[in-house]
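Chains here go by letter, A, B, C and D, matching the order in which they are written, and residues are numbered from 1 within each.
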Amino acid sequence: MNKTRLEAFSDGVLAIIITIMVLEIKMPHSADWESLRALQSVFICYLLSFAFIGIYWGNHHNLVHTVKAVSPGIIWANMHLLFWLSLIPLATNWMGENNFARNTVIVYAILLLLCGISYTILQVTIEKGNELTAELKAAFAVVKRKGIISVICYSCAIPLAFFHTAISGCLFAAVAVMWIIPEKNIARALGKEPRE
Amino acid sequence: MNKTRLEAFSDGVLAIIITIMVLEIKMPHSADWESLRALQSVFICYLLSFAFIGIYWGNHHNLVHTVKAVSPGIIWANMHLLFWLSLIPLATNWMGENNFARNTVIVYAILLLLCGISYTILQVTIEKGNELTAELKAAFAVVKRKGIISVICYSCAIPLAFFHTAISGCLFAAVAVMWIIPEKNIARALGKEPRE
Amino acid sequence: MNKTRLEAFSDGVLAIIITIMVLEIKMPHSADWESLRALQSVFICYLLSFAFIGIYWGNHHNLVHTVKAVSPGIIWANMHLLFWLSLIPLATNWMGENNFARNTVIVYAILLLLCGISYTILQVTIEKGNELTAELKAAFAVVKRKGIISVICYSCAIPLAFFHTAISGCLFAAVAVMWIIPEKNIARALGKEPRE
Amino acid sequence: MNKTRLEAFSDGVLAIIITIMVLEIKMPHSADWESLRALQSVFICYLLSFAFIGIYWGNHHNLVHTVKAVSPGIIWANMHLLFWLSLIPLATNWMGENNFARNTVIVYAILLLLCGISYTILQVTIEKGNELTAELKAAFAVVKRKGIISVICYSCAIPLAFFHTAISGCLFAAVAVMWIIPEKNIARALGKEPRE
């Protein structure tokens, strides 16, 4: 099994997920500002999910880049991750159209949690089957720590939505910001690897 | 004709098929749990079809990887397979929205049958035009046996849907599980081939 | 400008066009056979357009494969072709939903005509900017002859739709069959070229 | 971080954006010419946005082609650009369906402005992190000049829409034409670079 095709397929699916989210947004039929304002929360949700899938793409790239031999385990762990990620457009749209109603925020948090867990499963599967350099190991430890913090945040966002959905929303945003800030260690560790 | 572009095009189409299925799922307008529960069978169908297309992707990859010269026959056998696979989102959605109504299960089984047959046609076309190593031949024989079992299961699922659609559903799930369990022989045979 | 990326972008667009056509098909809400039968002409149109885009993909591949230097002219001729091809899902769906009503058949024929013309423009642009081997020239002459026959058929299909739309439909099918039958000369000419 | 995958992902997203725009066009249910004529402004908007995304694709290709080391800054500047571009199908459809109503033209102009600004951010980020040859620098200076003219045109199109939306529309078209005419300097500068 060829790494390039695993990357190409994952890239394709991620590119489609990130782009078809926009198809779920229904533009108002009238041209007045009022009707556009109704899209406000839909737009915020779109921005949030766009950031999350962008983050997954970047990290997925770094992770798969280190793979030497693609095993069936890696393929299915990857498929499992893509499955949960593919549901993000639905949850995003449901949350946006219902103005961050409690149930929709809970479903969104559960979905992010499942994505986070399946990403960790993929990472563990890859680490088991491939020997990493000490530097890459250290770099991935940082990513794993970030992943654990994210999973904890998502887990907290579920019960906290019963108090106020804004708390959950802030947790989502905080996780996104934590990931967007670049991790220099990984870039450095990867930079020392010979390029393909 | 270049193998890479055949792979790229097939990957693209498979990635799009697997992802646009989610666009067929219509989220409820209200935010209560009841309306989400109505999506239960839609979700099960989505999971099933996601698994099937994932399986086709993995096997398609292994199959095309062995091609040395791309003939017009291979291109059209591949197109034929992609055509039937492209209809899976429609059949999935129809079955899900109608809660596994008999007719929808029959149509889904027929479609899977047509996909299975066209995959076998592609495999035979490729085997004819390319000389395979003895090990690859043995590995593909296993895949072909699996393929024949699948086609028999789909064929049985059609009349059995008249007794109870749950029997057909179990047959679909059994086929999916049979494929997801990795085939060590193929990985081994492919592992001994020089990598691209 | 890099040939690989031109191919990748074109492949992506063609893969998406061929796959999103299925999204235009609206499955009936009820599960009875009657409602499925109503999709008959939609299905025939889908099959026809799937074949046409598949043909364009195959020929586009062979054509771009011969390019040595990608000029801005080639990029825009390619974009022009993709533009008309991108409208095929719309015309297909319109023709299918209206049971091959005269106007819809005329629009479909005009669109195929525009695709055919823009393909010829792309071919001429590529031939001008690149020196082809004598064998490739002969092979492309065959393609060009086929292209001219297609354009004549499409042109005839427009006025003939006023007599009976079935005549136009038969012309479309005849053109598709003419292209699907593999052209041995091109494969041979290409086969003698060193592979990438 | 590997340049190829950044290109592949961007190409994928751009190919999807350019193609899904067509999904936003709702074909009329009846088959008469009158109902097709109602799509006139939708079609013009589609053509305009198709040209803009095609232009972005071409320029994005040239820009990323010069990148030597992909930094996190480049990744996020690229994501930022893709985010605004991903909203073009929505704005296009809104403007088309409302027959170039003033508000929709203003929103479209603002979106193009944001795309233009984020493209410039990406260009500056890439120029900072990579050493360019003198020829490439000169070539990109031309692109930057064009970019500034475009941004000025978009900025003017916003207030001018209050006088007449046709003025804004002409400005959009003028910008598109300015970009479609190929820039010989860049092609020349790139032509002298060693090919990948």
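The rule we apply is simple: contacts are C-beta pairs under 8 Å (C-beta built on N, C-alpha and C of every residue); 3 or more make two chains touch, one makes a residue touch a chain.
As the structure is a prediction and not an experimental result, all values here were calculated from the model.
Look at the contact of chain A with chain B and you find different residues on each copy: under half of the numbers used there are shared. Averaging Cα atoms per chain gives one point for each, and the point farthest from that of chain A is the centre of C. Annotation: 37 Å between the Cα-based centres of chain A and chain C.
Here the spacing of chain B and chain C, counted between their Cα centres, is 26 Å. Residues of chain C in contact with two or more other chains: 8, 12, 16, 20, 23. Taken chain by chain, the contacts form a single closed ring in which each chain touches exactly two others. Every pair of chains that touch is listed here: A-B, A-D, B-C, C-D.
Every residue of chain A that touches chain D in the complex is listed here, in rising order: 7-8, 11-12, 14-16, 18-20, 22-23, 25, 27-33, 36, 47, 50, 54, 57-58, 61-62, 65, 180, 182-183, 187, 190-191, 195-196. On the chain A side of its complex with chain B, the touching residues are 1-2, 5, 8-9, 12-13, 16-17, 20, 23-24, 69, 71-73, 75-76, 79, 82-83, 86-87, 89-90, 93-94, 97-98, 101-104, 107.
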